[in-house]
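Down below is the structure, laid out as structure tokens.
Should a chain be cited, it is by its letter among A, B and C, assigned in written order, with residues numbered from 1 in that chain.
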Amino acid sequence: MTRFLAPTIATPRPAPQDPRQWHDRLREDLFYSPGATLATLGMLALLAFAGWHLLNWALLDAVFTGTAELSPSDACRTPGVTGACWAVIGDKLRLILFGVYPYAEQWRPAVACVLMIVLYVLSVQRRLWRPSLALIWVVFLGAVIVLMRGGVFGLSSVTDDQWGGLPVTLILSTLGLGMAFPVAILLALARQQRKLPMLQAASVGLIEFARGVPLLVVLFMASVMMPLFLPADWQISKLLRVLIAFTLFGAAYLAEVIRGGLQAIPAGQYEAAAALSLNYAQTMRDVILPQALRMVIPGIVNIFIGFFKATSIVVVVGIFDLMTAAKRAVSDPLWQNAGIEVYLFAALIYFVFCFSLSRYSARLERDLARGATN
Amino acid sequence: MTQPLLTITGLNKWFGEYHALRDVDLSVASGERIVVCGPSGSGKSTLIRCINRIEQFEQGSIVLEGVTEKGARQTESIRRQVGMVFQHFNLFPHMSVLDNCTLAPMRSLKQPRAQAESYARELLDRVRIADQADKLPGQLSGGQQQRVAIARALCMKPRLMLFDEPTSALDPEMVQEVLDTMVGLAEDGMTMICVTHEMGFARQVADRVVFMDRGQILEVAPPAAFFDHPEHERSREFLGKLLHH
Amino acid sequence: MTQSRSHSKLRVASAQAVVFAAVGLLLFWLFAITGAELRARGIETGFGFLFEPARTAIANAPFTFTPGVNSNALALIAGGLNTLKISALVIVLATVLGLGLGLGRLSRNRLLRGVCLGYIELVRNVPVLIHISLCYAVALSLPGPRETAPFMGALITNRGFFLPYPAPDMLWLASALTGVLAALGVARWRRHGGRWHPGALVFVLLTLAAMALPWLLLGRAPEMVTPAVAGFRVNGGWSLSPELIAIVAALTLYTATFLGEIIRGAIQSVPRGQWEATEALALPLRTVRRSVIYPQAIRVALPALSNEYIGVIKNSSLAVVIGYQEIVGIGNTVLFDTGQAVEVMAVLAAFFVVVSLAFSALMNFLNTRTAWASRT
């Protein structure tokens, strides 16, 4: 038998240029088989058809403003107008955004919205993921409430039944989640532990109840049942009742996400903490929770997105949020046929918030996954 | 000299910018048993995965004797004639052992069920797990699963068998049963290319040992010569490490 | 050692007692306050109201419901049936659409992938309530019955959809029978047959041909009941109200995006090694998908899918915003008629908890059916 020995050590060479031209790529991506060609052409035709009609409806044939002779709503109802009636947005913008908040004071909800958006931007900075982030939340949300309520610093007092539109949506979801967070941690810890079965049962009962029942039913409970549970002279505003319902509802969902994080912590971490003679509170606060919470941040963001969308349901119990404001705009006799336009506008606002958050959450998930493997 | 069964010439493969296989040439005669070894990341697995086109390659050619078609048909024809056993078995977990073995003959070779089943049972008997035919893979031990995987590959009546580190995912006590099965296969005259570090197996059955490092074949020699008197500096280094651990 | 253990046992026991006392006190407080509050408002407690006649009529009742004669309990049952009707329709339709979206996201065709991704992102980032309102606005902006022409026997109007349905005719029965027989025969052939494997298309075509056979033999098509415009109304046909269409369409379009992502994730979660094994065995792609990948993906997807389906049942309660009377809407009406807030809420909560639990049990059963021993 002969022996082969490599005469030299081969040096690595750069990969050869991909010989495929752009039309090769196009064929591989879109026209790789007769069926694919058919599907691609069919979809293109459909997209072109839909796109053309959409363009006509939304832009070319649309009415954006009134004219000198015609008021905006009359301009929309001129015979022969077949496009969208965007004039309604101009006419009702302030109502949709800020509800029935006193017109002269509407800079306050506007500033409150900006504050909350700044809060979101701060919260997604990883440098700020420390316990002090909770303080930032308290300060910002406190400022938002003061701004909206007024009654101090020379701001006129505005009761919360006059709040409306986008700030209410943001307050319900943000404040609701902020208040739900500590409750959720307690619920998750109560469910996770094995020493106090009573407490565990109570936590499981609350979580499973809130997750088993539609949010709508929880909101009904808050609006019609909660007054019965409280002494007659304790009555609290509807917005606050709904906020409490949101907090409990959100806490149940958040608790399950946090519990997932707790379960993902290896038993060795508990054993190491016990070996260092840390007690339960120390173990949780210093060892387990910081790891578990960091792990579930994408899940928390997803819950927040769901929460943000779910706030629209308060329209049913008569809270004036973005959705209710849209509905109110359409209920104006002048604009009764503009439902599609108004709802599309509201959809756009929701979309901007939810889409950017979901992009962020997806990126975060990838980053954290990569960090975990390194 | 007869026509080789498999001829690899000038094979080059890149993963992105990483040059994974560098000018690999190798030919395998019918009935020959090759053991491929080398440090991890040296391209051993990539090489044998290129043979049945589970990996694509940029330059060079791999020709299986008797396969003349081009393109996709060639790939399919090669895969029908080349069996492969994976490190992690890759059995279909939701199918019984017997169904794992009969799926490909029935669907790829269009054999009737009765024929596929009787041949599968014969092979399961040969790897000594005929009594487990109706169990799910998850109910078997690792060694048994790997033997099922060997039987599954054999059901296609391959002309060449590829083994990709078949024993490295197994608990130590199960390694021998799988190696015994492979030795039996070699004694029946099957052409085999095995990526493995089992030196006992290599000495017992291999006709040639191929040593790879950094994507290149550095030394090819009969096992006795290779293990006792490695000539390439890197081979000596590798064997030294292997023996001292 | 023993001392410290008994000490900590004592601590746990006392902590338990504190929790017990706290929960008990809370419940006692709630009942005491609520009782006083209800007495002050002159509301009776108890479930007697369920058997009193209902005061308000129900739109879209699934059976004839007469207020003043039929009880509140029957009204709630009607609502429950409507909830289940919406949920069942949405679950079936959304699964079909979601399957298309999920598979489309994994297609080799780049355009199809892009279209599916675009649809999913666009739809799922907008609240379902907006979808419901939009679908309802669209349903109401359709032309009236007199301005529309029938399309394949169906009328699509702002009063709802009116679809033709098969009249009682023995020919339908004969057709169904030959179809089933043909399908069973081909399936049997496929299982035990030799070299020839009829594909899905051949299967469907053979079945359809068999179904048409009795028509050809008798020389006539079976009868249909078709809707017809009469004045401002439409008579005959199977009618679907705009409210039902809007809620089913909106929930379907919305839920399908989530189902699609679950299905895509499940298929992608099948380990690469499984694909490689099928390649090494030269299995045809169709077999790979049907026999190897999909069965494993279904097992991964099932828990998430069942969560999503329970979500559909809960989301169906949103039909209340467009006035479709399902259980929450009717519960709300009964609540305002009787003032029995606590009891009505208890009924609603119990309904959803029971339905969710029953559905989970069903899904668990399916899960054990699709489960196999795990590799360790």
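Assume a residue touches a chain if its C-beta (ideal position, glycine included) is under 8 Å from a C-beta of that chain, and two chains touch if they have at least 3 such contacts.
Just so we're clear, the structure is a prediction, and the values are computed from it rather than from any experiment.
For the pairs B-C and A-C, the count of C-beta pairs in contact is higher at A-C.
The chain with its Cα centre farthest from the Cα centre of chain A is B. Measuring from the averaged C-alpha position of chain A to that of chain B gives a distance of 51 Å.
Mean C-alpha position of chain B lies 49 Å from that of chain C. Remark: chain A and chain C have CA centroids separated by 25 Å (rounded to whole angstrom). The residues of chain A lying in touch with chain C in their complex are 29-30, 32, 36, 39-40, 43-44, 47, 195-199, 202, 209, 212-217, 220-221, 224-225, 227-232, 305, 309-313, 315-316, 323, 326-327, 337, 339-340, 343-344, 346-347, 350-351, 354-355, 358.
The touching residues of chain B, counted against chain A in their complex, run 12, 14, 16-19, 22-23, 58-59, 207-208, 214-222, 225-226, 231-232. Partner chain B is touched in their complex by these residues of chain C: 192, 194-195, 197, 271, 273-274, 276-277, 279-284, 287, 291-292, 295-296, 299, 370, 372-376.
Residue ranges of chain C in contact with chain A, taken from their complex: 12, 15-16, 19-20, 23, 30, 33-34, 37-38, 40, 108-112, 115, 121-122, 125-130, 133-134, 136-138, 140-141, 314-315, 317-318, 320-321, 328, 331-332, 335, 341-342, 345, 348-349, 352-353, 356-357. Chain B makes touch with chain C in their complex at residues 49, 52-54, 76, 79-80, 82-84, 86, 88, 90-95, 103-104, 107-108, 110, 112-113, 136-139, 145, 152-153, 156.
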